[in-house]
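Chain lettering (A, B, C and D) follows the sequence in which the chains are written, and residue indices restart at 1 in each chain.
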Amino acid sequence: MKLGMVGLGKMGYNLVLNLMENGHEVVANDINEEAMQKIKAEGAEIAADYKAMVDMLPKPRVVWLMIPAGDLIDQVIEKFTPFLEEGDILIDGGNSNYKDTLRRAEKLSAAGIQFMDVGTSGGMEGARNGACTMIGGDAEVFAHVEQIFKDISIEKGYLYTGKVGSGHFLKMVHNGIEYGMMQAIAEGFEILEKSPFDYDYKEVSRVWNHGSVIRSWLMELMENAFSKEPKLESIKGVMHSSGEGKWTVETALDLQTAAPVIALSLMMRYRSLEDDTFTGKVVAALRNEFGGHAVERKED
Amino acid sequence: MKLGMVGLGKMGYNLVLNLMENGHEVVANDINEEAMQKIKAEGAEIAADYKAMVDMLPKPRVVWLMIPAGDLIDQVIEKFTPFLEEGDILIDGGNSNYKDTLRRAEKLSAAGIQFMDVGTSGGMEGARNGACTMIGGDAEVFAHVEQIFKDISIEKGYLYTGKVGSGHFLKMVHNGIEYGMMQAIAEGFEILEKSPFDYDYKEVSRVWNHGSVIRSWLMELMENAFSKEPKLESIKGVMHSSGEGKWTVETALDLQTAAPVIALSLMMRYRSLEDDTFTGKVVAALRNEFGGHAVERKED
Amino acid sequence: MKLGMVGLGKMGYNLVLNLMENGHEVVANDINEEAMQKIKAEGAEIAADYKAMVDMLPKPRVVWLMIPAGDLIDQVIEKFTPFLEEGDILIDGGNSNYKDTLRRAEKLSAAGIQFMDVGTSGGMEGARNGACTMIGGDAEVFAHVEQIFKDISIEKGYLYTGKVGSGHFLKMVHNGIEYGMMQAIAEGFEILEKSPFDYDYKEVSRVWNHGSVIRSWLMELMENAFSKEPKLESIKGVMHSSGEGKWTVETALDLQTAAPVIALSLMMRYRSLEDDTFTGKVVAALRNEFGGHAVERKED
Amino acid sequence: MKLGMVGLGKMGYNLVLNLMENGHEVVANDINEEAMQKIKAEGAEIAADYKAMVDMLPKPRVVWLMIPAGDLIDQVIEKFTPFLEEGDILIDGGNSNYKDTLRRAEKLSAAGIQFMDVGTSGGMEGARNGACTMIGGDAEVFAHVEQIFKDISIEKGYLYTGKVGSGHFLKMVHNGIEYGMMQAIAEGFEILEKSPFDYDYKEVSRVWNHGSVIRSWLMELMENAFSKEPKLESIKGVMHSSGEGKWTVETALDLQTAAPVIALSLMMRYRSLEDDTFTGKVVAALRNEFGGHAVERKED
């Protein structure tokens, strides 16, 4: 199949290579001219702008957006729409909030354009050699493009998840689970670190990956990490987050669902961003007020 | 009534004054000679040792222990027991773990000595001018000493809670609730502090104490604290704890009770004791491993 | 001052009585004709519609909306705006989300209309005899209407909180704290209920309100509740919620704030809405898969 | 090596088969005569009592206890000790609390008996065909018996963890992590279940196991579970627990460690044991008291 790819960042670039290796033809576009020339050298066609891309693609056009989630998606869709025709297919492969996806799908639907949402897990390595993809959208449209997903995904690693929005929703929940699993693993190692025993964490990760109930890819990554630094000495425990954990908790609230583990995993990340907290000041002040407990003072 | 008081710390000293003001006679003892002389000057009799104290008290003797919880209680009981007779009454007014209280009561019971456990809330101020007391022990024994508790407590501020252990248990749960209420208040102020608005926290505490649902003594203390420092600038947000919150959570686990708010209030205190966490390092390392997310490094 | 009141529900009706008792003149409106006649009998003027109300008020008009939060506020504002002139003042006294308040204020500002947001705590009783009010809006506008708030609030129970939105924001956080305090109290009583002791909860609430650290209005309400039913026998433990706890958690997430106690208080409410959970099914199924642990089956 | 096995339950029986298959000789004992005859038919020697077992083993004796954790271990050790000599080795392969292990090791050490603690993960299947084992005890003693663990464990699936107690401690933390991972997965599926989409959970589990970040053995088990019942229709969401999650949380508290995810995973299990909660009654009653919110009543 011949399709367009907008966005040649780490994920998009690797996806193009993956697609071409599987016999697909790709017309690529990126605001970065260097990335364009590089992918051209790999065998892709390049399009200077969206109109050019559309002209180079057979009907119905299939265009894959692999750009950062957020307003940029809206801007690109806005610019793209005038060149598309009824029946053309737009795929958002990024980590978009499913609510945005629903909104975009409705708008594009009015113009007769098919919108598909693809949640992708597995990182750059997956994008290049076989990702895990969760695909929402119209069932007939999916049938038309299924071969793409079959080819770029690891074996058994793609799933048509139902109507539009369901792919991004599923990827969001996947990440929420990921937050919880990571925090659980991390708490376990913190307990080990404070224990009266002296464990070799690389060895612990290794043994837990062989026959135990908690064997997992994350635990394999722990072994990698500890093999680089036995106690992660140089790393600061600052836990950033990129949105999907927050969306998962917000969605849980919208659905009146108790998801304490995912919520706390997120909140402990927020807590890690701070050296000191106002919460702590208030509690310390209260203890001082009612019990005369000494407060620690900041040094001048 | 004439009774003995062992321990003339902040709480014990004020209790003696309170007792005497209400017409009781007190024989006091403390390892600190200065405190002994001071209370003597206030009108108490003093006893050089436990034997002396017992000799100075009418039968059945009533001896109140107001000393730090833990092994010290066991040691004092051990030393005291030989001088006591069947029917004498020993009162533990400290923040003892109710499990220790049950164990001590059983042991003393074998020697015919009555053990009572008194949870006391209200701080030094309460000890001096009217505390809140929760009293466990034998009902008949309580009837014998009830007047003491009636006199030293604030009006309506004493309660016979049932069999031995129930007083300390109730005080423990009181403190568990206190942890949760304090953390709730503190989280609220942290949200205000990070909000786009510019609140005067002293005024906020004040208004919340007049007519709102969350009016409470703790909120009054907030007003005091903020009147000293508008943003608690000099206070470090380190939240220490003294045992009863932990016991409450352990008890909840023993009783298979979900007490997430009390548990988290305690755990956020533990979290506040650390600048950096191993949990944070592990999560940061994992994010780096699977997603190439940058980790923050400690400066050399 | 002569002002308009839109909405004669429990809160609005009592506010009108409160206002009139304090010497204010009120022009009232409600879709419920019966409520209109009733308040007329109490001495208020009534207006058949918004136009009529505006005509009956001196300039600048002061109109207080006391209607359910949500779309209804937008609808009423929409209908009201055509009759208002530059400088007129609209007050939203309901539990609106502060984000909606900011949006409405911006829109009304374009029409020269002043918007004020008032968070009100204290229930019907407060509305009638002295509420706790938190008022956001333009400082000069506040000065113009301050006397109203002074009069309807309990002594020291009103606060000008700053620019528009700050009143509803503060009320939202107030309710978030309230969720946490209530859950803390409730967990404490659950631990007592499962304890090996036999407490009289009415008495426990009573003693905790006299001299203890956790004395509070909520604990007074506990005493009321337990005086009606010693073990709350007839009440189902279903904990509904009305929005502000959820908004507080969402706001905490937006501000990257760890607020575990407020978040968990909310989530335990959601949990209480369900007899059985899918979470529980999944964990039970997993335990069965890896450990052969028996699962409980639903009866047919 | 020739060693003794006390306990022929699911785990012990399979371990004996595993040991014999790897060329070890086993003298087995169990209170169940049938199990004894069965394992004899498989080729093991059987010992009628502990004395007989000890007489049948070469010095130093190696005896593996595979019996339920708790007092039973103490009783068996008590009975066994008189027959053992200095240098003999006792192995506790059960899920004992590491504090009990430390206590037992100290007592046995006084008698010159070596005590080893082995945490075993992987279930019956692992016991039979290759477990994951974490082994604490004296390093020289471990060297003497290492071949046993090498043989019964899956490749790379055994680890000498250091001094006595460290094996059971590590297994305890492993289970704590397991609780957190399971709850995270379960919360994710509950969010899916309440979502506006219609997912096939077996397919979701399958795709998440191919290339995604959360691929794990637990997710494979989800696929098994959902393949039996698409929505786990017949399973009640009652989540039992067997002690190690609780010990992990207690240990976290002892070490002043914030482990919110593991703690909440445990507490949600406790919550699932109840149809209604006193916590819920209290909050419902409070809402009714201050806001007039209706409470749901139990039907008569």
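By our rule, contacts are C-beta pairs under 8 Å (C-beta built on N, C-alpha and C of every residue); 3 or more make two chains touch, one makes a residue touch a chain.
As the structure is a computational prediction, the values presented were derived from the model and not from experiment.
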{"item": "Common touching chains of chain B and chain A", "value": "C, D"}
{"item": "Self-contact between copies chain B and chain D, residue sets same or different by half", "value": "same"}
{"item": "Label of the chain whose CA centroid is most distant from the centroid of chain D", "value": "C"}
{"item": "Whole-Å separation of chain centres (CA-atom averages), chain A against chain D", "value": "34"}
{"item": "Two or more partner chains touched - positions in chain B", "value": "123, 183, 185, 187, 190, 194, 213, 217-218, 252, 256-260, 264, 268, 271, 277, 279, 290"}
{"item": "Chain contact topology (line, ring, star, complete or other)", "value": "complete"}
{"item": "For the chain A and chain D complex, residues of the former touching the latter", "value": "121-123, 126, 130-134, 136, 153-159, 161-163, 165-166, 169-170, 173-181, 183-185, 187-188, 190-192, 194-199, 203-204, 206-219, 248, 251-252, 255-262, 264-265, 268"}
{"item": "Of chain C, residues touching chain D in the complex", "value": "10, 123-124, 182-183, 185-187, 189-190, 193-194, 217-218, 221-222, 224-225, 232-240, 242, 260, 264, 268-269, 271-272, 275-293, 295-298"}
{"item": "Chain A partner contacts - residues on chain C that touch it in the complex", "value": "213, 246, 249-250, 252-253, 256-260, 263-264, 266-268, 270-271, 273, 277, 279, 290"}
